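Below are two complexes that have subunit A in common, paired first with subunit B and then with subunit C.
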Partner chain A sequence: MKPLARLALILVLTLTVGAPAVRAGETFPPTTAPAGMTFIPAGDYAPLLRTKDEPERTPVAAYWLDIRPVTNAEFLEFVRAHPQWQRSRIGPLFGDRAYLADWAGDLELGSAVPADAPVVRVSWFAARAYAKSAGKRLPTTAEWERAASAGFTTPVGASEPGFSGAILAWLGRPTPSPLPAAGAGRPNFHGARDLHGLVWEWVDDFNTAMTTGESRGDTGLERNLFCGAGAVGARDLTDYPAFMRIGMRSSLQANYAVPNVGFRCARALTPPSSDSSLRDSSVALRP
Partner chain B sequence: MKLNLALALSLLVTAVSAIATDATTAPCPPPAAGAKPSCCSEEKVAAAQPLSDRSIYQLGATWINDAGQPATLVSLRGKPVVVAMFFAQCEYACPVLVQDMKRLLAALPEKVRGQAQLVLVTFDTERDTPAALRAFRERMALDERWTLLRGDNESVQELAMLLGVKFKQDARGQFAHSNLLTLMNAEGEIVHRHGGLNGDISEAAKVFALAAKK
Partner chain C sequence: MKTSHPLRRYGALLNLAIACGASPLMAAEGTVLATRGGVPLAAHLPVENAIITDAPNVPPPITRRHAAKVVVHIEVREVVKRLADGVEYTFWTFGGGVPGSFIRVREGDFVEFHLNNHPTSKVPHNIDLHAVTGPGGGAASSFTAPGHSSQFSFTAQNPGLYVYHCATAPVPMHIANGMYGMILVEPKDGYPKVDKEFYVMQGEVYTAGRHGEAGLQPFDPAKAEDERAPYIVFNGAVGSLVGDKALQAKVGETVRIYFGVGGPNITSSFHVIGEIFDTVFLEGGVMPSQRHVQTTMVPSGGSTIVDFKVDVPGTYVLVDHSLSRAFNKGALGMLKVTGPENPLIYSGKELDEVYIGQASDAGYAASKREAELMKEREKVIAANPEVTNLTKEIRMERGKKVYMTSCFACHMATGEGMPNIFPPLAKSDFLNADKDRAIKAVLNGLSGPIVVNGKPYNNMMPPQEVSDDQAADVLTYVMNTWGNDHGEVKAADVKRVRAGNK
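Here is the complex of A and B:
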C-alpha cells in the first residue's frame, strides 16, 4: 500500500511539472534493492551556498543508499578483516587519537559501546575503506543532501509540518551516551532512517565545503560567493540545519575522529566494472 | 619559532622510532627528458627502511609527470620536499603560489636549496595533460627541481585529504582551492604548513631548513 501510494505521488508530481515519462532507474528502482539499502530516485540538490557561476539546482542521479548508518558491530567485523584499520594500527595520518577511542580495545567494543549503535569516532579514510570493502562508496554531499531533504511522508521535508522542527530539536539536544541503536528512527519518504536525529555523517567530498576564503587569495572565494561566508547569499535563510552541516563539514579534516560523526554507504545503481571507486587504493596499499 | 623547532624535533624523533607500516615498492620512474635525474640509487637505500606512520608516502598512488612518464611521490624520499596542489589554467592564485615556492627556495640556505624538491600536483585531471603541464613549466620557468604531476580523481582526492587541501570545481571548470604549501622532510613527514598567498615565508624557510638537515 505504501509503495503504491509513493508511486502514485511520484506520478502526480511528474505529471504536474511536465517532466518526461517515469523511467525505471530514475524514479523507481530498476531492481530489488541490495540488502540494507534503499532507492533514492533521481532528483536535484539545491546547495545552500553556491558560487555565482553555479546553477541554483544541480541534478543528482538515482542511487542506492544504506537505510541506516553503519553500526559498531559492522565496523568491528571490518577492522577484524582489515587489521590496518584497527585503533592501534591506523597511524595518525589516517585516524587521529580519538579514532575509535570509546571502544574497549582493538577488537572489543566494551560495555559503553552498544553493538547496534552507529559507529562514530571514525575518520573519513576509515569510513571510505569500509565502504570499499563492502563494494560501496560514501555518498557525495549532493546525494546525501538530496536523500536527507525528503520528509517522512512527502519528497520535500521543508514543507512538511513538524519535519524541520524535529531536526532543530535534535540539534538542541546533547549527544546521548551511549548512542541509541541505528535504524530505530522513523523512515523518511525514500525509506532511509536516521539521516537526521542520530549522528552527523561523513560524505565523500566533505572537503568541498568552504565557508572561508580558501582560494584566489584570502578573500577570493568570498568574492565569488554571493556573499562571503554568508547568510545573505544563501538559498534559504531559515534552513538552520543546512548551515550547521556546512559548518560541520568545513571544520573537518579527513583524519578526524569525532564523537558524533558516523557514516553510511551508497552505491551506484549499476556500478561499472571499471569503477575507479573499487580500485581500493587506500585499503590495498596500506598493510 | 620555538614551537616549530619543537615540532620539527618531535617529528624527527617520530621518524626514528617509526613503526613498520608499508613497504610500498614504488616502481622506479624512468628518467624523463627535462625532469630530474634518476632517483633509483637513493630509492633503493630508502626502500630498505619502512615508511613512518606519518609519511605522506604511504599514499601509494602512481602519477604521470609532465614528460608523460609514470612517477611516484615516494621516489622523492631522501630529500626535503615542498608540495602544492594547483591547476594550470588558474588565473590568479596558482602563479602566486608558485612565486611563493620560489621565494621559499630563495630563502633557504644554499645547501638545502640544492636538495629541495618542489612538487606541483594538479586538481585538473581532465585538462592538465602532460603537454599542458609542460607548458606551465615553461611559462613559469621551472627548473629540474620541480616535478609536475597529474593523477586520477581518486589519487588527487586522497592526496588533498592527506594534505588538508580543500578544493571544489565550479561550473566553468575552474577550481576553488586552499592555497597551501606543505613542507615535508626526507621521509615525507609534514614538518610545516604554509597557508595563504604572498605571506611571510621566513618561518616556513627556517623549519624547512632545519628538517632538511635532519
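Here is the complex of A and C:
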C-alpha cells in the first residue's frame, strides 16, 4: 500500500472509531427533561491532571443536570423535611461549624440570605443527602467538567472569545454578599446556567481531585499542586480556571461548609427504580 | 547588653516578662529538636506571639538570647486595593497588604504557624516559607479552603532573610496577585545593629489593561505566561513609597533595607540612586558578602539585606535599575533624609554655565576652525554691500508679508485705505513727500488732522511693533507699489530715525 493510501485508511478508521455513534439518549434527549434539568449529551472529559496510565480523554455518558445550583429556599424545604440536616442537629462529622452559619436559624434564612440565592456553607454529606432526597445525585467531576466546558453558543467554550477571560475575571473578584440569585446567568450551550461565575460546586468525587496512581491514599495527595510542580503532567498549562477548580476541590473535606461552595444535582437518563432512591441510606444516615 | 534603641529596650522587657514565666529549659540553646521523656523540647519553650508588621515597617530586633516557641497567625484576605491612581486590582494577600506581613524570628525558634483563609476568599491558599525545611516549605501542610484555618510547625534552622509565598496552582497567578512576603530568621548573634530598618518587596502585576488603564483590572494569564507585566512595583502599588509614604531617615543614621522579590517572574537590579550600599548580605544570607556596592541583583523568590549610612540630606530613589521598570512600570520608591548639609561630602550645585563641549581632538579642531571661518565671513559680509543689502525685490516680498500682517486691515490690500477714515497709501502725496515722516509714522504711529491727496483725515494710527528691517522692508514695499515714487528705505534709515526719536 502506498504511504498516502495507508494514511488515508488510518484516518478513516480513526474517524470511524472516534466518532460518537448518533443514538437517541446520547446526542439528544430521549424524553422530556425532568423539571429544572437540562440534557447533557454524551461526550468526553479531558482531565487537567492525570497519571500516565489514565486515558487522555474519559468518555462521559449523557445525563440530566440541574439548570442552576440549589437555592436557599429549596435547601430550607429539605432541612424542614429532614430535620437531621438542620444546623443545630448536624454533627461535626457531617458539617463543620460553618454549616449554614449565615442562616438566621435552623428554619429561618434571615434578611442577609436571599431565598433565591444559591445555598452555600453546605457540606458534601448534606449536598449528597439533598440530591438523594430529590431522587438525584451529585454529578461526577467528569460530568460536571463536561457540562461546564461548553461555551454559550458552541460546545467548546475554550474556543469562544472571552469565555475563559470571563471566568478569570470572576476569580479575580471577591465573593459578593449577599450572593446574586441562582439561575440568573446566561445559559450555556447545553442550557445550564451559572456553572461558572456564581459559586463553586460540590461534585460527587471531589476527593479524587488530586489522586494519582503513585500517591493514592497517602498524605501527599496534593503535593503536585505546589509551586512549579503543579504544572507537571498537566494537559494545558494555560487553563488557569481548571487549575483553580482542582485546587478548590482538593482543599475540601467532606464535612467542610465553605462560604462560596454550593451544589447542583444530576440524574442518569434511566434512573434506578424510584424505590431505591427514596430509600436512600444517606438521607437516613443521621444518628 | 547595649540597649540604647528604644525598640530594643521594649523587646528586652517583653522577653524578660516571658523569661520570668518560662520553664528553665528555655536556656537550652539549639536543642529544640531534642526530646525529654519522649516529649519534644519545643513543648517546654517559652511561648510568645510573633509581632508582625505591614511593609515598610519591620518588627523590632529580637533581643532574647534563647530559643522560643513563636506563634504566628497570618490571615489570607482577597481585597480590592489601589494599584495606581485610578487603577484597582483584587489582591490576594497575606495579612491584608502587599507584600505580606513581615515575620521575625530567631535562629532555633520553634514556629507554630497558623494560616487562616478568610471566609470571603474565592479560592484555597497555602504558604511556602523558604525558611522551612520540609515538603513544600509548609505548603504541604497549609492548603486551606476559604473559611478554614491550618496549623503546622517548624524549627527555624537556617538564619537569613527568606521569601514566603502562596504555592497553590496556578502559582504564578497567586504570586502575581500579591501572595508573597518575607520571614527574617535572625542569626543567634543577630545582625549588626542599625538605626532604621525597612521592608520593601518588588513584584509584578499582570493586568488585562495597559499600564495606567483605569478601573478594576482583571489578571491576564497570557501576559503572565509571556512575562509581559504592565506593572512592576515596590510594596504592591505604584507610588507606595513616595510623597508622605516615602521612607524617612536622618543624616548620620544607618539604614537597612530588607529587600525581596516576590516575582513571580522578574528579577531586580536593586539600586538606591545617590547611595552606595556599605554592606550587602548577598541573597539575604548572614555574612557581609561585599562592601561598597552600587547595584545588587535579587532573584525572583530571593532577597537581599543592604546597609548604608546616610551622610547628606535629600531624596534617595529606590529603583530596579533595569530602568524601564522604574520609569514606566512603577518600580520606584523614595528615602527622604533630613538633617544638616555636608558640603565636603556633597556640595550641591556650585556652578551653572554654558559649556561648549570638548568632544574628541578632531572635533575640537573642527570647532576651532569653524570659529575662524565665522569671523572671516563677517569680514567679507561687512565689505560687500551687495551681500548685506538684499536686493530690492526680495526686500519688497518681505515687506509685503509685513504689510499683509500689520497694515492691510486699515489701508486695505490695494493701498486705497477707506474714504474719510483711513488715508490711502496708493499714489499718496503725503507718503512720497517725506521719507523720514513715513518712517516715523510706522515707528511712532500718527494722529491728528492731515491732508492726503487733497482730502482731510483725522484719525489715530498706533505705533507698529516692527524691527528696523521690517519697517524698512514694508516701507520699501509700499513706496514701490500702487504708483508710488520708487523710493527705498534701508534699515539704517529706520535705525537713524528711531535713534532720533529718543
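Please note the rule applied: the second predicted complex is superposed on the first by the 240 of 287 C-alpha atoms of A that agree within 3 Å, B and C clash if a C-alpha of one lies under 4 Å from a C-alpha of the other, contacts with A are read in each partner's own complex, and residues count from 1 in each chain.
The rule we apply is simple: a residue touches a chain if its C-beta (ideal position, glycine included) is under 8 Å from a C-beta of that chain, and two chains touch if they have at least 3 such contacts.
These numbers were taken from a predicted model, which means no experiment stands behind them.
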item: Which of subunit B and subunit C A:240 touches, first, second, both or neither; value: second
item: Contacts of A:172 with subunit B and subunit C, given as first, second, both or neither; value: second
item: Partner chain(s) touched by A:256 [first = subunit B, second = subunit C, both, neither]; value: second
item: Those residues of subunit A which subunit B touches in one complex and subunit C touches in the other; value: 220, 250
item: Subunit A partner contacts - residues on subunit C that touch it in the complex; value: 78-80, 89-90, 119-124, 126, 128, 135-136, 139-140, 143-148, 167-171, 173, 177, 208, 216, 218-219, 221-222, 225
item: Residues of subunit A touching subunit B in the complex; value: 51, 53-55, 91-94, 124-125, 205, 207-210, 214-218, 220-221, 224, 250, 253-254, 276-277, 279, 281-282, 285-287
item: List of subunit A residues in touch with subunit C within their complex; value: 98, 165, 168-169, 171-175, 177, 219-220, 222-223, 225-228, 230-231, 237-238, 240, 243-244, 246-248, 250-252, 256-261
item: Subunit A-facing residues of subunit B, complex; value: 20-22, 24, 53-56, 58-61, 92-93, 96, 152-155, 157-158, 160-162, 164-168, 170-172, 175-179, 196-198
